[in-house]
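Chain naming follows the written order as A, B, C and D, and within any one chain the residues start at number 1.
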Amino acid sequence: MNKFKELKERAWLCNMELPKRGLVIYTFGNVSAADRAAGVFAIKPSGVPYEELKAEDMVVVDFENNIVEGNLRYSSDTKTHTVLYNNFADVNGVVHTHSTYSVAWAQAGLAIPIFGTTHADHCAGDIPCTDFMSDEAIKGDYEIETGNQIVRTFESISYHETEMVLVAGHGPFTWGSTPEKAVYNSAVLEELAKMAFITRSINSNTPRLKEALVDKHYQRKHGKNAYYGQASK
Amino acid sequence: MNKFKELKERAWLCNMELPKRGLVIYTFGNVSAADRAAGVFAIKPSGVPYEELKAEDMVVVDFENNIVEGNLRYSSDTKTHTVLYNNFADVNGVVHTHSTYSVAWAQAGLAIPIFGTTHADHCAGDIPCTDFMSDEAIKGDYEIETGNQIVRTFESISYHETEMVLVAGHGPFTWGSTPEKAVYNSAVLEELAKMAFITRSINSNTPRLKEALVDKHYQRKHGKNAYYGQASK
Amino acid sequence: MNKFKELKERAWLCNMELPKRGLVIYTFGNVSAADRAAGVFAIKPSGVPYEELKAEDMVVVDFENNIVEGNLRYSSDTKTHTVLYNNFADVNGVVHTHSTYSVAWAQAGLAIPIFGTTHADHCAGDIPCTDFMSDEAIKGDYEIETGNQIVRTFESISYHETEMVLVAGHGPFTWGSTPEKAVYNSAVLEELAKMAFITRSINSNTPRLKEALVDKHYQRKHGKNAYYGQASK
Amino acid sequence: MNKFKELKERAWLCNMELPKRGLVIYTFGNVSAADRAAGVFAIKPSGVPYEELKAEDMVVVDFENNIVEGNLRYSSDTKTHTVLYNNFADVNGVVHTHSTYSVAWAQAGLAIPIFGTTHADHCAGDIPCTDFMSDEAIKGDYEIETGNQIVRTFESISYHETEMVLVAGHGPFTWGSTPEKAVYNSAVLEELAKMAFITRSINSNTPRLKEALVDKHYQRKHGKNAYYGQASK
């Protein structure tokens, strides 16, 4: 049975980008790739090191966490991915890593302030950090609650304009219209986290980027009159 | 039509040095190479990742921002390059990156102090940081205003003696008599930015290098009695 | 005489992981692999750079520090390994490195606080730092005393739940049920040490991770109802 | 004329270790290899990037700075090497780099405190930083004065027990009984500089390593009853 060969191949390729980009060691992350029409997503199996990961290992799951195809146990973070797919309408890829600088901000429990245009090229504001989860939520259905925590954080923020979040005490999740875009966002987030760390170390009073510059950079790349990139892209 | 094959090849090679030197990820930078006699420069197209970039993708532009050769949209930073070419007489290469440590200083809004001889080997003083742009300038012809901001910063500094600048809240631009030298300057700047960050973290009261040492190192390499390097170079 | 060919091969492969993972330069570390049934372990010889290390160079030692097979002098840290094998019953691999961030915490004389789930996925609490050794111990049988210092540190901590330690002023030791697991723990420790350093630099008041989260992450991976990883693993 | 082929080959191999070990970019360093019997040393030519460096480019110089063999101009730091050879009797290799963390301590004008056993394995005390040079010395025979500054710093320190120094505002020099050992010392120094930087960032009150431990580690590796390494080494 290999109905989802292409989807699994794509999810696998995206997973393999994580160690290549220095975002994970061993098993420290997972990517999923969704096929909305088929009502499923393919995700990394739990605890399999990237060095040994094969395309056929990917686990295909529906949006209620039932395994549709695959012989392995799915990533322990799968239910968090499901919550994001069920709440973020046109998202087709989700990534979770434990990349170093992003985790450090998450552990510090702080949003990453929008300090410069590198950040504004990708997000319209700070990269939010969720609240720390309540003991009840932790002891409940933990991975679903992690997803809920993220969704709550985006009640007042557009998940289109900021495709990344830090889960307090844990680490980053990113998403995108494609799984490739979600991986791209994870790499960009790690770079922004590192830049912001150094910036604050140089000048602990660094102000947020002025609103006019945030707007200019975000709009020239993502606005309706965007002139960044190629028209066909 | 391929009148500028050689120039585009050279611009492409210089662009490809950026990811090789760890100065950019994805699309985070651009190099241009000028042919003053022909009245044009070749520059990276907008939004094309370095992994996919080909020599024939380069866009050839004149010094009034008209496309002379090429099928792609030019880098969104092109007009900043043009301003620099039009104001810095014998510059034949310009580079813009979002390299980590240089961006951090730019975000902090601070010049990089001349702390040591590594710095004095390359610049005769601090690496300046522009003022933050006014809202009017941002909402005006932004990329031209970015160039103007740089030019203004060099009213009191020689652009021959300091071939690099930080644009506040944004990131570094470097230039040189050749595009290869401009790329070299970007790599050196990133190293100086990292060294200065660590220096200040070790000793927040580190003084600027004494004037006699600045002068000695700058002159032995760039002065009229320079004895650094090979005579033929 | 090559009775322990397989064991030496395994110890060698584990040793070679250290430079590959960026945990050692030159001769800055050593791995041993035990064969409890045979009453021996194989360990790196002293002062041989990783670049030149061969499987047949490994030295086979019994649990009283007698050489059983091998022509080279064993690692100067061998007796510390022996103390750990003699006190930590089901440990079959021990690793010592001078990896950068772990050494920095050891030099600072501080335990690495459990700041996040990356840490809780691997240890049930802080990564302890031993006391600084007494002058008597240093002038006595130094390497045995180093082992004793570690064993004493684990009188009140489970060496199963925390398979890593910092020796004050020196550096990290890790262990595991297999030598491969011990190497894995060294790489994880270095990552945790780096994350914790950055976390504290961002927010010097970062609290330890709340107990419910420590417990959740540690138990979902290591508890009796663990659901992380594959059943067969 | 190629009387010193072997010496130049050796100097070249040692020079090529610097970029391989991440200690230099472009032209940021130089290694010399001495042949005491022949009364000469081979050194890198000035301003030639490592990427283009060939063994036959090495310049052979006597201990009074006369070129004995070679068509290129010698490194601008050559006279500093000569001073060290003339004052440090059994030194046969000298290295100068602008490696990042070592330069940062030199720019900060601070000795690297002996914080741990990694340091004590290589030096019997702090890695000293020279005083800042006087204006007279800078305007005099600068490179010779740099050498004199180093020699003065070692009036009260054994250059055998500490084979490395920071020149204030400039960067590191290291030496050794062989050029290979001098290169090794440069790599070790950079690692010690990084470890010490992180250590102080974690705990700004970190004390120097207690004397008994300094002595133990230094003596077990370098003392007359040393048991580190192989007897034949």
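Operating definition for what follows: a residue touches a chain if its C-beta (ideal position, glycine included) is under 8 Å from a C-beta of that chain, and two chains touch if they have at least 3 such contacts.
Note that this is a predicted model, so its numbers are computed, not measured.
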{"item": "Per Cα centroids, the chain farthest from chain D", "value": "A"}
{"item": "Superposing rotation of chain A relative to chain B, computed on C-alpha atoms, to nearest 5°", "value": "90"}
{"item": "Same-site or different-site touching of chain B by its copy chain D, using the half cut", "value": "different"}
{"item": "Chain A and chain C, separation of their C-alpha mean positions in angstrom", "value": "32"}
{"item": "Centre-of-Cα separation between chain D and chain A, whole angstrom", "value": "46"}
{"item": "Where chain D touches two or more other chains, by residue", "value": "201"}
{"item": "Pairs of chains satisfying the touch condition", "value": "A-B, A-C, B-D, C-D"}
{"item": "Chain C - residues contacting chain A, complex", "value": "21, 115-118, 184, 187-188, 191, 194-196, 198-199, 201-203, 206, 209-210, 212-213, 216, 220-221, 227-231, 233"}
{"item": "In the complex with chain A, residue positions of chain B that touch it", "value": "25-26, 28, 45-48, 72-73, 76, 98, 100-101, 103-110, 132-133, 135, 138-139, 142, 169-171, 197, 200-201"}
